[in-house]
Amino acid sequence: AQSAQAQVIKVDGSSTVYPITEAVAEEFQKAKKNAIKVTVGISGTGGGFKKFCRDETDFSNASRPITKSEMELCKAAGVEYIEMPVAFDALTVVINPKNAFLKQATVAEMKTLWEPAAQGKIMKWNQVNPAWPDAPVKLFGAGADSGTFEYFTEAMVGKAKSSRGDYTASEDDNVLVQGVSRDVNAIGYFGYAYYAENTAKLKALAIVNPKTGKAVEPSAANVENGTYAPLSRPIFIYVKAKSLQKPEVREFIEFYMKNAAALIKEVKYVPLPAAAYTGNLEHVKKNKIGTVFGGVNEIGITIEELMKREAKM
Amino acid sequence: MQIHDTPTLKAEARNLNFYYGEVKALKSINMPIYDKKVTALIGPSGCGKSTYLRSFNRMHDLYPGNRYEGEIRFYPDNTNLLSPEVDPIEVRMRLGMVFQKPNPFPKTIYENVAYGLRVRGENNSRVLDDKVEQALRGAAIWDEVKDRLQEMAPNLSGGQQQRLCIARALATDPELLLFDEPTSALDPIATGAIEELVHELKKRVTILIVTHNMQQAARVSDYTAYMYLGELIEFGKTDEIFIKPQDKRTEDYITGRMG
Amino acid sequence: MSANNASDLPGVSDRLAYNAMRNWKERLIETVLLAAAAISVLTTLGIVYVLVSESFHFFQNVSIIDFLTDTQWTPLFDDAHFGIMVLISGTLVSSGVALLLAIPMGTIIAIYLSEFANPKVREVAKPILELLGGIPTIVFGYFALLVVTPILQFFLPSLPGFSLLSAGLVMGIMIVPYIASLSEDAMRAVPMSMREGAFAMGSTKLYTAVHVVVPAAISGLAASYILGISRAVGETMILAVAAGMQPNLTWNPMEPAATITSYIVQVALGDLPHGSIGYQTIFAAGLTLLLITLVFNILGQWLRAKYREAY
Amino acid sequence: MKPLTTEQIRAVIAKGKFRDNLFKAIGVFCLAFALLVIVALIADMLLKGAERFTLDFFLNFASRRATQAGILSAWVGSLLVMLVTALAAVPLGVAAGLYLEEYAKRNWITNIIEINVTNLAAVPSIVYGLLALGIFVYMFGFGQSILSAGLTLALLILPIIIVATREAIRAIPAMIREGSMAVGATRWQTCHYHIIPYAMPGILTGVIIGLARAIGETAPIITIGALTFIAFLPPVPFSEIDGGGSAGLFDWVMSPFTVMPIQIFNWTSRPDPAFEVNAAAAGFVLMVMVLSMNAVAIYLRYKMRKNIKW
Amino acid sequence: MQIHDTPTLKAEARNLNFYYGEVKALKSINMPIYDKKVTALIGPSGCGKSTYLRSFNRMHDLYPGNRYEGEIRFYPDNTNLLSPEVDPIEVRMRLGMVFQKPNPFPKTIYENVAYGLRVRGENNSRVLDDKVEQALRGAAIWDEVKDRLQEMAPNLSGGQQQRLCIARALATDPELLLFDEPTSALDPIATGAIEELVHELKKRVTILIVTHNMQQAARVSDYTAYMYLGELIEFGKTDEIFIKPQDKRTEDYITGRMG
């Protein structure tokens, strides 16, 4: 049985990062003529780290940096890891394409709409902004268990996990796509990829960048140039240091970093600049263990900032 | 009252054939059933006694593939029970049947007896109470159950259940009662009670009874019919049939069995 | 047992004494079979152990009173509330809707198939009906969301896009075959003699079915209902997709709401760190669900015993 | 009450028949409605997925490109998981049912087992997932393997099989049992020669209902963490392994896997709507799998039943 | 050979009590069973005939809550069949039983008869063939079934089924045959065949037979026991019991039922 398992590279974790790793895995196996097997699971970032820190997987997909408690778990089990940002996800606020009055929204407006105090009170559009019509608001959003929810609330409401509860939540973003596309008064948020694949059914709402005061629509270009803020967030993979001793894991990580940019575009995420991927490989070579986030998530990091930080490690 | 030797007809099978699909189970049966008399049907197993009995209340209509030919005339109205224009439900409302194995409904004793009346749309509890008591008395079981009418019928002993089934059949004042080996599952004492009852009942209704037991036939019936392989071999007054059967086959059957 | 005056007589003859070899083999087989039966107990113990041990941590942080009386369920929010009633209401309402559809419809179909339909129709219809049980529930979920909800909205314009009503109705459809198939088995097991007795009294088919066959099959019907209830209470994917997942304390089926199961599957797939309070809620919720089904079951057992006694 | 007149009787009958017919209409409607839903669901999957019904769809692994994605690992996985489930659940369930009906003495142990089995039948499937995660995946260290999934589903359907077995055994008349014991058979001989063979048709019904449920089950398998991209098959016994050596007879049971409903679930939650086509096609294939399982069982049941009567 | 008037004992109930849970169904029964004789058990329903019969082959052990007291001595080995040290399976191997309702297994005719031998580990087909033929001949059914041994037994007619069950019991050469109302489900012709058979069999085995039918008891048995409410009221030679019963209750029962 040992020999049969030896060649399997195990990846698990976030459903957000899944499409990227899956695409890489697919191409990698093709390139290796299936001599090396890769499995990519979806257990959520938390579930992924749990397995990762139990020494069960080689890679963990994460839509947020590792938390303090997870760092301790890994430490206790003697699992060391290298953190690698692989792409940007642009959380996208979407509305129904028939919605004529919404052109843009500010963070303050979003806060009014989504903060806990709004629950049961802010039920009409004109309660948020008098310029908007006297029509009911229909809210759709990510499940409270997801990294998307955590990030969105922190970026918009100002405090992680601080949200009204009376909205339709779903782990399955297609459900949200269905919901928003069928209701003129709907507004919702989820990862960019779901918007990008459904542009016929949805409209992306431009969000006013609090630093520049300009309304910016989510797009690959706007994420890359850092203007789509604060809803851009980096996503990561973590590789176990010990696994790097296995040649096939090294091969996989090299393949990942070399092909990431092209594949990430294909699955509708925003790739990092090329330097980021070479930097990641550099870290692997130098075995730079640990995280640059110190166990806390941060909002509104641009690619530049991120790269600076990673370089300092 | 009838003069003893010329009884009136209650029913009459005329050239009755019956088919279970391809199998011809009754062959040209012609037989009278006299009013307020007990007629016993005897014959070896599989000769068609049950089949014949169940033709009267169109029980065979419940199963697909069964077919009647000929007539069963029913008097005094002289209708053919088997005619397609005759509604089997209407026929069954005028006839009562008691089966070999007691089959009380999973209801209370009271509801079992009231069942037929409810089917007829009777819901007045005064009327029901009366009729139920009357029927239970008629079936000689009133004393045993009068204090437990709300108990479930399947909890009664076998003999009691059978008498309950008789009460159920009596409650709707049927004109003709069909008994298919009503005592074969019972012990001699319960059997005795039911034979007694048949004797009582014939003052009021006509009875057709299937039995394997020669003594029983001899004891309870006025007329006896001997069937063999789907045919009616011999029909006559019970005394005559048992004393001097006309047909060799009847004689063999009766004597061979009388011990 | 006797052995009164055996002393003056020879002991047990060889021809009647226990055969050691055979006895040993029988014992062994019995033990093996007992072990198989014990697996079910172990399973329950396992379930209880897993749920209770995790819930134990949970209840160290959340008081049981809050858990039972709070009217909000926001365990993953910054302002966390742990009012399980919210999820219970969603679970009960969606199950209620499902069962209000499934029990009458399943029973009617069962009566129809067993008492009215031509045997050929029955032989064909039953296996097809049983197919409903094999359709992945995710497919039903999208069916509820994309087909049933719009149809319902046509009649009830105020119905939101996600509701307990449409999820519950589809869940009901899914449960119909269980109830229909098992009830039909139970009714067909009622001896023909019972029916003959009723028909001989001049009753019609429907009257016979309702007044004789159904009471006679009541224990089987009850079993099928219990199974249906448990499936409804335990159903996950349909609700996760079509019911809206709003932690909403409501008894109105026209509203969206979350249920215990949809909550569990959501969290099991999410990004929460394991071991956190948020993650442990799923065990507390699972335990609640287990207790609910236990209550239904004991109730059902009791009802069945009560009815069965009658025969 | 006077005896009813013929007219009155006819009126009563007419009313009864009207109700009969009304009920018949309602029954036909309900049945037709339920059948219509199934047929519509299946037809919908068939039509939506029609363009995917090529050989490639069955022979390709999952892929990020909808048109190239196939269900090879999923259907193989489903079959293997069902094999494990059946191999575990059927003997266990039949043995447990046999014990409870034929061996158990009425005491508190059997009472506990009895209450247990009925309760287990009602435990929601997702709770089994939580159990399996703790017990099979971690405590026994089976990981996210075919073995874990098969055993999880086996536990899930065990109560169904036990209940079906018991019902089937109960339908065997006591006189058959007495007849066997009276010639000197032991309990086990009676079970072996009579009870098991005669209960088999009924047991099969339970097995089929159980397996049909298991094959479409998603939640517990997701909970054990098997929502996974897998682009390879479990090792065939004794096949060569790329790293050298050959696979053992049972290596496949420890292999990672995916199953049809998971694949469908995965596809329905993709951003790219093209995957809905795949999901529909896979849903239809799953239906065909369930249907053929049913067909086999119905045939076997029919054949066995023909010879058993008392 | 035995001298006719001093038969040897085959078995003997001594102070036998039997309880169904709390219900005492047999009360201090003391009764001999003579070797190679037919002993009939008669009595009203529920008096304990079946209970007594089923004590011999420990059939009651199959159900929980049943309890024996006293002894059933079995000869020639003179052991107590009810002793806890006695293996009920060994007992059943030496006794044969035929039930009220024929209960053939849903297997072939051949396998039904061979069953008892297979249970004993006999698998040699030559031996089986021989024994099966012998048993079927002994049960007077060989000629009817010799060409269809591979047919399913439940397809036989009721009377044939019952004779098959007798053959099944004979195949293992039992020392004592227990019959519990073997003819009550049969028609008179089949009944006659089985009575004939009992007559034949007693040359070789001892027979204990329960019957409701007085004529049958009178016809087939050498000894008759009359039971009433769990007690043995009277035991004696059949002629004597039927001609001059000692006990009033026996007399009432017999005369009341003779016709």
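Before moving on, here are some points about what is shown:
Note that the chains are named A, B, C, D and E in the order they appear, and that numbering of residues resets to 1 at the start of each chain.
We adopt the following convention: a residue touches a chain if its C-beta (ideal position, glycine included) is under 8 Å from a C-beta of that chain, and two chains touch if they have at least 3 such contacts.
Nothing here was measured: the structure is a model prediction, and the numbers come from that model.
By the document's definition of touch, common neighbours of chain B and chain C comprise D, E.
Hopping across touching chains, the smallest step count from chain A to chain C is 1.
Contact tally for A-D versus B-D: the pair with more C-beta pairs in contact is A-D. The chain with its C-alpha centre at the largest distance from the centre of chain B is A. Centre-to-centre separation between chain D and chain E, using Cα means, comes to 47 Å. Our note on geometry: chain B versus chain E, Cα centroid distance of 34 Å, whole angstroms. With centres defined as mean CA coordinates, chain B is found 83 Å away from chain A.
Inter-chain centre distance (chain C to chain D, centres taken as mean C-alpha positions): 15 Å. Along chain A, residues 15, 42-43, 47, 171-172 each make contact with two or more other chains. Shared interface positions of chain B, defined as residues touching 2 or more other chains, are 89-90, 93, 119-120. Touching two or more other chains at once are residues 22, 202-204, 207, 265, 268-269 of chain C.
Taken pair by pair, the chains that touch are A-C, A-D, B-C, B-D, B-E, C-D, C-E, D-E.
Residues 61-64, 143-144, 225-232, 235, 241-245, 247-248, 251, 254-256, 266, 268-273 of chain D touch chain A in their complex.
Considering their complex, residues 15, 67-71, 74, 77-87, 89-91, 94 of chain E touch chain C. Every residue of chain A that touches chain D in the complex is listed here, in rising order: 1, 3-8, 10, 12, 15, 18-19, 21-23, 25-26, 29, 34-35, 37-43, 47, 51, 56, 171-174, 191, 193-194, 196-198, 266-268. If you check the complex, the residues on chain E that touch chain B are 44-46, 157-159, 184, 186-190, 192, 212, 215, 218-219, 253, 256-257, 259. Remark: chain D residues 1, 3-4, 6, 9-10, 12-13, 15-17 touch chain B in the complex.
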